[in-house]
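Below: a set of structures, written as structure tokens.
Note that subunit A is present in both complexes that follow, paired respectively with subunit B and with subunit C.
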Partner chain A sequence: MSSKPILVIGGGPAGLEAVRGIADLGYQAILIEKADFLGGMPISADYAALTPDMRSPEEAMGEMIVAITDNPSIDIRLSTTVVGSKGDAPNMEVTVKNAGGEEILEVGSVIVATGFKHFDPGKETQMYGYYEFEDVITLVDAEKMLKADEFARPSTGEAPKTVCFIQCVGSRDRQIGNQWCSKVCCGIACKQAIEVKEAAPDARVFVFYIDMRTYGFWEDEIYWKAQEDYNVNFIRGIVTEVTKRGDTLVVKGEDTTMGRPMEVAMDVVILSVGMEPSDGTVEMADTFELPLEPHGYIETTGGALNTVETTVPGVFVVGAAAGPADLEDSVSMGGSAVMKACSFIRKSELQPA
Partner chain B sequence: MSEHKYEKFVQKDNVVVDGVDLSGEWNKMYEPREILTYDIDGLEKLRELPGAKSINACYQCAQCIGVCPVDNVGSYGPRKIFRKLQTGMDFFDHDDLWLCTTCSNCLRVCPKEVDMIQIIPAAREQAVLNGNVPGEIQDMLQNVAEYGNPMGESARKRVGWLRKFEEPVRDLSKETDPEPVDVLWYVSDYFSYHNRGNDAAKATVRVFNRLGIDFGILGKEEKCDGDSQRLVGESGLFEELAEHNGIQFDKYEHNKLVVSDPHAYNAFKNFYPAVTGKEYNLQHYTQLLEERVDDLAKLMKRPFPKKVTFHDPCYLGRHNGEYNAPRTLLNAVPEIEYMEMYRNKEQAYCCGGGGGGMWLDGLMADNSAERLSENRVKEAVEVGAEILAVCCPYEVSRFEDAVKSTNNDGKLLVMDIIEILDYCMSEGEDTA
Partner chain C sequence: MSSKPILVIGGGPAGLEAVRGIADLGYQAILIEKADFLGGMPISADYAALTPDMRSPEEAMGEMIVAITDNPSIDIRLSTTVVGSKGDAPNMEVTVKNAGGEEILEVGSVIVATGFKHFDPGKETQMYGYYEFEDVITLVDAEKMLKADEFARPSTGEAPKTVCFIQCVGSRDRQIGNQWCSKVCCGIACKQAIEVKEAAPDARVFVFYIDMRTYGFWEDEIYWKAQEDYNVNFIRGIVTEVTKRGDTLVVKGEDTTMGRPMEVAMDVVILSVGMEPSDGTVEMADTFELPLEPHGYIETTGGALNTVETTVPGVFVVGAAAGPADLEDSVSMGGSAVMKACSFIRKSELQPA
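Then we have the complex of A and B:
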């Protein structure tokens, strides 16, 4: 008798790793992906390079995709969404939908890997003018420009002379309702600062920050590298607002290590937007009746000691669906969930309810 | 003038200029507070200089500020230099360039290894090239260039202290075809020319002789070691001095080169080899005597029942890692009551004399609340010391001035360690 398959929802880094692991352990996996391609945010948002190792997202995600392709134990469904669920694990009936219609899948366990979305700086309380000023862009916009090898001042198409990053946009902000650090933006800003210096070597690049949070090896691999090898200027003190004087953007705030106010002209302002739970994450929480933790991500039960188990038996959550996560976090959680999902099924087979 | 746009940065209580009273409000000065541009031209220029690249690594943790002796009495500090450079300071034409005493305490604690010991001389070299040097330093450099010592005294007078001095001293420069010596003793500028230095020089001779050390000196052929000149940015002059002294060292066969001056120690050990192509078998006098501490202890018959503390010279301690030799000697002194200051060994406070500070009293006074030497003397008094022992020729005069200016005359005596040893080895009170 073969076991019921494990359903993985979301084909980003965490989901891909989960699917690979399930098959490696000899279980059946079904991967549901809303888009018509795999790879998740690094591919869909056109990331120029991954942090911190600057790897090409196509190459890195490609490696993960190859690992699950042409495997009889893996059923990949692109352009498909999950629309309903009935019953309890290990006897769940999950309804999926694609252009061909709906289908009910019998699955033994579910791993939710639906990820995050980038913060939309239109709903900030800070006055950064993202929807007003052409030259105010986000990390996501900058990734696209860098990927296309077209990093320029949007309003003129010319190479900028001054570029600044404003950290913590949409993160660590009670007024916005996002009381979390998004973990990756400091590292990504450093990575992009390096890429900007490579694209526009004459540009003076600044990063305005509250604390630089480049955890672990990101410290010297990205932060120190940006400062020491690429002469990026790190200024402590977050910009309060961006205004325009004539054709020039002016960032305004306090330079806290100097203890002085500052009002400095910038050609391009890049907002280091953080993470929020993706729409898919919220929908799956609803579909599987998974409670959200106070920040709005899917709740896990074990705190630091169990990062993937939800309050619903047999349903697991991995990656940024459970809270801000970098690639390492996401892939590690993917592996952890495989172990727990497979052992859940195995136990249920050994001791039928 | 609205308060928020400008910051009051100076207002002196009592100022009289040309007989006009400008006290209080009348001399209040403002500077704009707002940073309107991050002009990093100066930072870019500085980090391109040889040895100065590490300035770029500062991430403002401010650990340096906690240990910077100059920040302790003013508002100068390494991490502040970096930020001022990011906000448009012309470091090559700024008082800050000259306030660093190169004590190396910041480098000791800096997690990013920002090396002010290389950055400062590199930047000063530019200022020297631009002719932008404080007058006090300019005079000193001219003296050294012309006379071979910062005092501007003649080379002949370098052995003036030997006049009417009965003890045997071999001045190798006066001997024809001299026999080899075991120890070639580099006396240094302050031991040679300064009257309190002369006392220590004579004490050195007496101690060496009583221990039977076979030594000789270079006499009028000795010139300034050049280390402080190198550190104020005159690397050309340093190289000339290194070549000159290097030739003298080669001229007289010897086993060991022994110095009284930690600055000379630093120069000969770490910087002469690049110029002369030679490594030196070098010791500070405290290291030479430490090896003979048993003999020394036997010869020290006269007790010294005093409360003594010791000031670590930056260039013996932090720069060259020697903390034990001076302490071993002091602890061998009969009936001494030895005590440490709060800031000792690696954490020792700087006397203010290094890196050109010896000749920057005027500039320092304009930028600090008190001299570093005064701060240090107060610490010695606070721990209850009666004697402040030193082993760097810069320090006796600096600390004696500070004892007077802090009204501690009679409470604290400043002595070179060699003077204490000499005292304890001598017979009667008249030699003390």
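Then we have the complex of A and C:
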């Protein structure tokens, strides 16, 4: 008898890792992805390079995708969404929908890998002028430009002479309701600052930050590297406003190290937008009746010692659907959820209902 | 035919998670622990409470230990060390040694979970007076005192009126050769600052830091909590020296936010010592011929997308043996390594040599 399959929802790094792992252990996997391609945010958002190794997302995600392709244990459904669920694991009936209509899948366990969305800086009462000034962009916009090898000042198409990053846009901010630190934006800003200096070597590049959270090996691998090898300037400061004077952006705030007001002209301002639970994450929480933790992500049980188990037996969560996560977190959680979901299936077969 | 067992070396959080997962998937595990008890650093170093949930380590580790006890698939060897290895996975002969002598174990795969050691502040040319002044202690010493419900000024046994933490002792420091950020010390200092305020409510508590790296949910769960609910004072500053004037410690440095020299009297100074690879980690790297990455931890392969695989097939590394790691990292990596080690065993049986 073949085991009931494990349903993985979301084809980003955490989901891809989970699907491969399930098959490697001899279990059956069904992967549901709403887009018509796999790879998740690194592909859909056109990331230029992954942090911190600066690998090509196409190459890195490509390897993960090849590893799950043409495998009889893996059923991949693109352009498909989950629209309903009935019953409890290991006997769940999950309804999926695509252009061909609806279908009910019998599955034994579910791994939710629906990830995050980027914070929309319009929410922050436009204090940084994202929807007002062409030369104010986000980390996500910058990734696309860097990937296309076209990093330039949007309003002129020319190489910028001055570029700054503003950290913690949509993170660590009680006023907008996002009290968490998004974990990866400091590392990504370091990585992009290096890429900007490679694209525009004459540009002066600044990072305005509250705390540089380049934990673990990111400290010297990207933060020190940006400072020492690329002359990126890191300035501890609070930016209160981005305005415009003539053709140039003006960044106003306080340099909290020097203890003085700061007003600097910039050709390009990059907003380091943080993570929020994706729409898919909120929808799947609703579909599978998964409680959200106080920040709005899917709640896990067991504190620090259980990173992937939800309060619903047989339903697991991986990656940024459970909270801000870097790639390492997502991949480790993907593997851990495979262990738990396959164990769950195995135990249910040893002790049939 | 029963599979060859997977050898897990180290009975801390990552190792315990791995052993339970192996058995849950129907494979055989042997756990080697050099101490005569399980639980790893949270138990051996007498942690007062885990970060960030403030759970009792005995309770939390106790649950993990119960989950692997009296399981016919798990062979636990305490007071035992690994002293040699021959052959390649899945056909390895690993020599272990205990009071009864040496024994050769035939194993199919190995998971190294040998963890970290706390930085010894004597290394830092004693600039913080750890070996000179009784009232200068480390995070580790403070855990023991908090656990015993005896947090006091060591030289007098009385409740301290002023307590400070000095962050990044043995981390982010090129001079001593530890260029990494140890990832957890900011969170642990927040947790301990809260515990100190609970133990000595009248004490004024300060944390001197470079960057507060309370990433993800630690931001509001422990960092804001320490500030808002416990009135802990966080001061961005560089401490250059701890000296003594009369009976009182004097902390000298610069308050980098106020931009002025700082000289403050303290009853107790707590050094937030970072992580280094444990002796066991270095020994196992040698025994299994695992290359070290540039910081001296066991190297993993595949960058951000492969957190547990070493360059030696069938040998995996989890938790702080691979670099600074929090509990979540360790547990997720433990689960991920189970998936990979069991898959490795399964594949080797499908394609016998």
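Things worth noting here:
Operating definition for what follows: the second predicted complex is superposed on the first by the 351 of 353 C-alpha atoms of A that agree within 3 Å, B and C clash if a C-alpha of one lies under 4 Å from a C-alpha of the other, contacts with A are read in each partner's own complex, and residues count from 1 in each chain.
Everything below uses one rule, namely that contacts are C-beta pairs under 8 Å (C-beta built on N, C-alpha and C of every residue); 3 or more make two chains touch, one makes a residue touch a chain.
Here the structure is a predicted model, which means the values were calculated and not measured.
When both complexes are overlaid on chain A, the residue A:144 reaches neither subunit B nor subunit C. Applying the stated contact rule after C-alpha superposition, one finds that A:263 touches subunit B and leaves subunit C untouched.
Contacts of A:212 after superposition on the shared chain: both subunit B and subunit C are touched.
In the superposed model, more residues of subunit A are touched by C than by the other of subunit B and subunit C. Contacts of A:97 after superposition on the shared chain: neither subunit B nor subunit C is touched. Applying the stated contact rule after C-alpha superposition, one finds that A:161 touches neither subunit B nor subunit C.
Of the two partner chains, subunit B is the only one touched by A:234; subunit C is not.
In the superposition on chain A, contact is made by A:224 with both subunit B and subunit C. When both complexes are overlaid on chain A, the residue A:244 reaches neither subunit B nor subunit C.
Of the two partner chains, subunit C is the only one that A:305 touches; subunit B does not reach it. Annotation: subunit A residues 212, 224, 236, 257-258 touch subunit B in one complex and subunit C in the other. For subunit B in complex with subunit A, the residues that touch the partner chain are 4, 7, 33-38, 40, 44, 47, 56-57, 59-60, 79, 83, 86-87, 112. For subunit C in complex with subunit A, the residues that touch the partner chain are 13, 17, 21, 24-26, 50-53, 55, 60, 63-64, 172, 179-181, 183, 211-220, 224, 236, 256-259, 293, 295, 303-308, 323-329, 331-340, 342-343, 346-347.
Remark: subunit A residues 204, 206, 212, 223-224, 227-228, 231, 233-236, 255, 257-258, 260-265 touch subunit B in the complex.
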